[in-house]
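Just passing along the structure, written as structure tokens.
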Amino acid sequence: MASVKIRNVEKNYGSLRVIHGVSIDVEDHEFVVLVGPSGCGKSTLLRMIAGLETISGGDIMIGDKVVNDIAPRDRDIAMVFQNYALYPHMSIFDNMGFSLKLRKRPRSEIEEKVMEAADILNLKPYLERSPGQLSGGQRQRVAMGRALVRDARVFLFDEPLSNLDAKLRVVMRTEIKALHQRLQTTSVYVTHDQIEAMTMADRIVVMNAGRVEQVGAPLELYDSPANLFVAGFLGSPSMNFIKGRFRRAGDGAHVLCDDGTVLPVPATSGATDDQQVVAGIRPEHLRLAGEGAGVAATVDVVEPTGANIELFVELAGERVCAVFRERHPFRPGEKIALGWELDKIHLFDASSGHRI
Amino acid sequence: MYLRKFRKFACSALALGIMTGVANAQTTVDFTVAEYSSKTGPFFDEVAAAFEKENPDIDINIEVVPWDTLLQRLTTDIAGGVAPDISIIGTRWLLDFAQQGIAEPLDSYLTPEFKSTFIDTFMQPSVIDGQIMGLPVAASARAMLVNMDLFEKAGATPPTTWEELYEAAKKISALPEIYALGLQGKEIETDAYFYYALWTFGGNILNEDGTSGLDSPEAIEAARFYKKMLDEGLTQPSPTNYSRENVFNLFKQGRVGMIFTFPMLIPQIKAEAPDLDYKVMPFPEKVTKATYGVTDTLMMFADSDVKAEAWKFIEFAYKDEWRSKFDRGEGFLPVTKNVAAEDYYKTNEDIAGFAAGLPYAKFAPTIANWEEIADVTVRALQRIYLEQETPEAALTAAAAEINEIRGK
Amino acid sequence: MKSLNGFKPLAMILPGLLLAMFIIGYPVLDLANTSLQEVSRFGQLRGFTGFDNFAEVFSDPLFWGSLKRTAIWTVTVVLGTLVISLPIAIILNDDFYGRGVARVIIMLPWAISLTMTAVVWRWALNGRAGLLNATLMDMGIMTEPIEWLAEAQLAFTVEMMIGILVSIPFTTTIFLGGLSSLPQDSYEASMVDGATRWDQFRYITLPLMKPFINIAIVLNVIYVFNSLPIIWVMTEGGPANGTDILVTYLYKLAFRFGQLGKASAISLIMFGVLLLFTVIYVVLVMRDEKDTAAGEDE
Amino acid sequence: MPSKLKKSLIYWAFLSPLVVVILFPFAVMLVTAVRPRDELFVYPPRWGFSEFRWDNFAEMWVKTNFGEALFNSLYVSVLSTVLALVLSIPAAYALSRYPFPGKGAYRTFLLMTQMMSPIVLVLGLFRLMVALGMVGNLNSLVLTYAAFNMAFTIWMLQSYFSTIPRDLEEAAWIDGASHLNSLIRIFLPLAVPAMAVTAIFSFINGWNEFVLALTMIRSSDDFTLPVQIYSQVAGRYQVEWHHVMAGTVLATVPVAIVFSWLQKYLIRGMALGAVK
């Protein structure tokens, strides 16, 4: 197995710079997910690790060797492509065993390896078929099988689940995670789906417009997002943001919104008085306040998802979303009051977006 | 000009729907003209225009056809039932046309005085089984052209006999990158190039009994002579890559001392190699003197339904003024006595050189399947020049094959 | 949604079918009829003679010689064209400086008629006055001019090379069409799998190009088998019939020696040989190709 | 050195022998066409010549009636292409859209029509044209060229049409369009590249065809270009090579230009057609 070190790597297409000095260290056996909106450069970065894109600046090291100028085949990496990139004219068996055939491995070894991978991914009944005769899910598994057989030092995944239907995506997610726990191969996984990131990653790298916003464990990012972008990106439904001014009052503190609403915040916050701030509260951290407490809000839209109820309310002149496990009989237009644990609210500097 | 054409197609496209032909008042004489040079088409258009002025009710439709595809054109026309009324053909095909009943005998049309205008030697080849099946329209006799500069440089004298030719050849070939004799070995008239020697060595294309004369001792000796010249580098190498035209090009380039050619080369030399000093001489002789007379024939088609009008045009076209203009323009020998009597043919020593051979001119026998026999002969000669077979073996095999073709 | 009954498509096919049947069908029947008749020099049918023409053809040594040369001619030209056109297509499919110019030049031989190409080559190959010898001698490659068309073997080789040259544009275009329809991501996957450029060519490009190669082979064989102008203009099948292939021998028989019956027989035999080849090829080679491409989508 | 430049050099090195061999005849043509007549047969043969004799082209234009031949070639090539397309578009559409009895037989028939080369059929074709009373008329060429080209045009169009998604038309049908105007308004605009490709192929076949034109056309002012130029070489005692080559150059230039201009269509047409 091997670690993957990315040292302030840059990438530009002509004069346009798409990746600005990114540095990430993927430890041995780790499962790191690169997540971000489409066009943020995550796939480009992955392809640079694979060697399918040239590196404009900085270094990429696999294990302890700089691989900038090494051809993909000599980097000992395996990759699962977004639309599987299976060889249409070869059988599933040949598809999976192709990398070994290229390295002139004996037939018996190829058979053994392919059978083993087919077992893991229960592809045995389809080995003699051609890709055209398989379903999306099956083809996705063959793409993975091909990577398995390669038993490379690093696995690269380029949004492998994006072409699957929602149900199958959940199943495959768990399968990939189980596979990693079993094989412990260092993996770099690219996705735009933040739920995949949260559920699969040992560590997540949130990227935006060619820059790294934050790197950390899923829950660390979820609970203490470094900036507005990360806060808004992770979590579904996403965090609510309300602008206002930070005010200290006695031993407490609050945020005064433009329309006069007062939002209680922890006094320990490092914000300075009258600082323009953005208050962030996750929908599941909002709860119905008792009589006379909490902040006034009027119900706008009620969306039951079965497991819980997503409630959209008008609060401090902004649309805010709250999630409740219990089935309260909310009716549009009803006046309610919402409250939250002081340690659950986040404050960001309005101009820089950084966490305070 | 284009508009007229467009109208013509539009109405014929209409004709596709309705098959009725449009009966026109004029009678049309279809005349297929073989193309000797870029001057041929315009000349016959001029004759036709003049004729149509005098005979407004007759329209002459000229169709100019390249020589190489003339036989194919006539074959498809006849097969398709749209043969022309009159056509220029190679005399060597005349027998086939006559035998298949396609050519119209002209004796009944030919008035005695019109017949007397023709030079007998040229009339002879178009007479088959006593019937005149066509009129000579173009004639040439072959002769030798020598490059006087090369002869002076080599200190050789233009030869009159094959031995003298051989001696002179050795001197001329000594000159750097110069060859004494141009030897044709490819395509049309490759066999004629051999007949010049065959005849002068005393041989003949056909023996009295009609069998092929190719395996006669004289024929073999003539072939051996050519082969000797080739082997000793006295001719240009690989003759089988040299068609008639390629050999003449060598002469124009001044790279060859002697060639056997026809009068039509003279105007070319004047245009393309103006300062070439050449002299026209008869073929070298051994046993006899000989030259190769070649005529083309103007023939009328038996199933033409405008024979009278066609004949009228023929008589018109044979007027001295037209014949003289035609012969001079194309560089042919005259076929009619009056034109031959013109001083141009007396004073012009080039033409005189070619015409001098007429008394002893020999003609290719008008026999059936001539093209095939010629092809067999050419193939034999090519095998000899390529050293694939000795002259004797090649010629005997060829003679056998010819006899089989002729059913002798 | 089969919204149209079987009649409408037939109606759409009919006009084209009628024209083709009429314009091509009639002459084929006429040819068949002629081949069974005794025919005069000028194409007049002289009555039924059954298979005499065919018997005459099969007993003619020049026919067998021409048949052998036709096989050599077709195989060499078609294979030569394929072997050269594939790399050319791969290059032209890739992006490099001056690609546009290269494409136009490669396509140029298609813009000029075969007859003209042959006339120009014959003029250039002429022993003494030809520019080819001149150029080669100027470049010092040769000291003595070579008589390219003097001897059958060399002449035939030169003609085959020109045959290849003029077939390259058509074949390259077919391959370019094929190459640009290949799935690009398979190549990236193969790079990761450890394939060198040669492996990519052997295991991905070639197998996926099979349908295009087959089409190119069938069409080229048909066009090359029937190609008259190059050999006719340059050597007329000579010297000593050394470069005659069936179509030039047939043309000589029909229009120079006037043996139309025999010529018709040969043309039918040619059609038979070509038909046989195409049917066998289509059944054998292109059939198994059909099932691998079956069931394309989910 | 940037990889693209290195790659370009390697590619050009590989292409250069072929490019030289392709351009050689064109160079010979050009050099012979502009040479003064008395330098045609100079020894040793050389590329150079004393002066550009441009009026060779003018002389040739007049002497060989080149203008008329050019018009005839254009007339025949364009009309036969239009006729071939008009007849093959519905057929190709039917082949690609509807299953119908005898479809396989029809496709094999098309392939077989390709197998009979015109040379072999020239006598029969001639008799047919005589029966139609069209011998000597350029329309006979228009018909025969269209008939011989149709096999390829139908096959080419059909393989392209089958790549055009059906749902566009089906949507039009639902909107109430009849089959005919869905074909014309929706389908054909999408098929323009394929039609361009087939048009080029058919045009070039018509432009360069020789044997049929030689047999069918009688009077020299109806000759098409290939026949007109060939007639200056075939069997004449006096071959004016500078005119022959001048004619060949002029006959090649228009097609070469059309070619390079529509070239990208050709590739795209072939590609999308995927030649199934």
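We just call them A, B, C and D in the order they show up, numbering each chain from 1.
In this section, contacts are C-beta pairs under 8 Å (C-beta built on N, C-alpha and C of every residue); 3 or more make two chains touch, one makes a residue touch a chain.
Computed from a predicted structure; not experimentally measured.
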item	value
Chain whose Cα centroid lies at the greatest distance from that of subunit C	A
Pair joined by more contacting C-beta pairs (B-C or C-D)	C-D
Subunit B and subunit C, separation of their C-alpha mean positions in angstrom	37
Whole-Å gap between the CA centroids of subunit A and subunit D	58
Centroid distance [mean C-alpha coordinates] between subunit D and subunit C, Å	16
Distance from the mean Cα position of subunit C to that of subunit A, given in whole angstrom	58
Contacts with 2+ other chains: residues of subunit D	40-41, 43, 123, 127, 230, 233
Of all residues in subunit B, the ones touching two or more other chains	69, 72, 76, 79-80, 249, 253, 255
Per-residue multi-chain contacts in subunit A, two or more chains	none
Subunit A residues touching subunit C - in the complex, by the definition given at the top	50-52, 71-73, 77-79, 81, 83, 85-90, 98-99, 102-103, 130, 132-133, 135-136, 146, 150
Parts of subunit C lying in touch with subunit D, wherever the complex brings them together	1-4, 6, 8-10, 12-13, 15-17, 19-20, 22-24, 26-31, 34, 43, 84, 87-88, 91, 94-98, 102-117, 119-121, 123-124, 128-135, 137-138, 165, 168, 173-174, 176-178, 180-181, 211-212, 215, 218-219, 222, 226, 228-229, 247, 250-251, 254, 260, 264, 267, 270-271, 274-275, 278
Interface residues, subunit B side, partner subunit C - complex	69, 71-72, 74-76, 78-80, 96, 100, 102, 185-187, 236-242, 246, 249-250, 253, 255, 369, 371-372, 375, 378-379, 382-383, 386, 388
Residue ranges of subunit D touching subunit C (in the complex, touch as defined)	4-5, 7-8, 11-12, 14-15, 18-19, 21-26, 28-29, 31-32, 40-41, 43-47, 87-88, 90-91, 93-95, 97-98, 100-101, 106, 109-117, 119-121, 123-125, 127-128, 143-144, 146-148, 150-151, 154, 170, 173, 179, 204, 207-211, 226, 229-230, 233, 241, 244-245, 248, 251-252, 255-256, 259-260, 263, 266-276
Subunit D-touching residues of subunit B, taken from the complex the two chains share	1-2, 5, 8-9, 12-13, 15-16, 19, 21, 34-38, 41, 61-70, 72-73, 76, 79-82, 177, 188, 245, 249, 252-255, 262, 264-265, 267-268, 271-274, 330-331
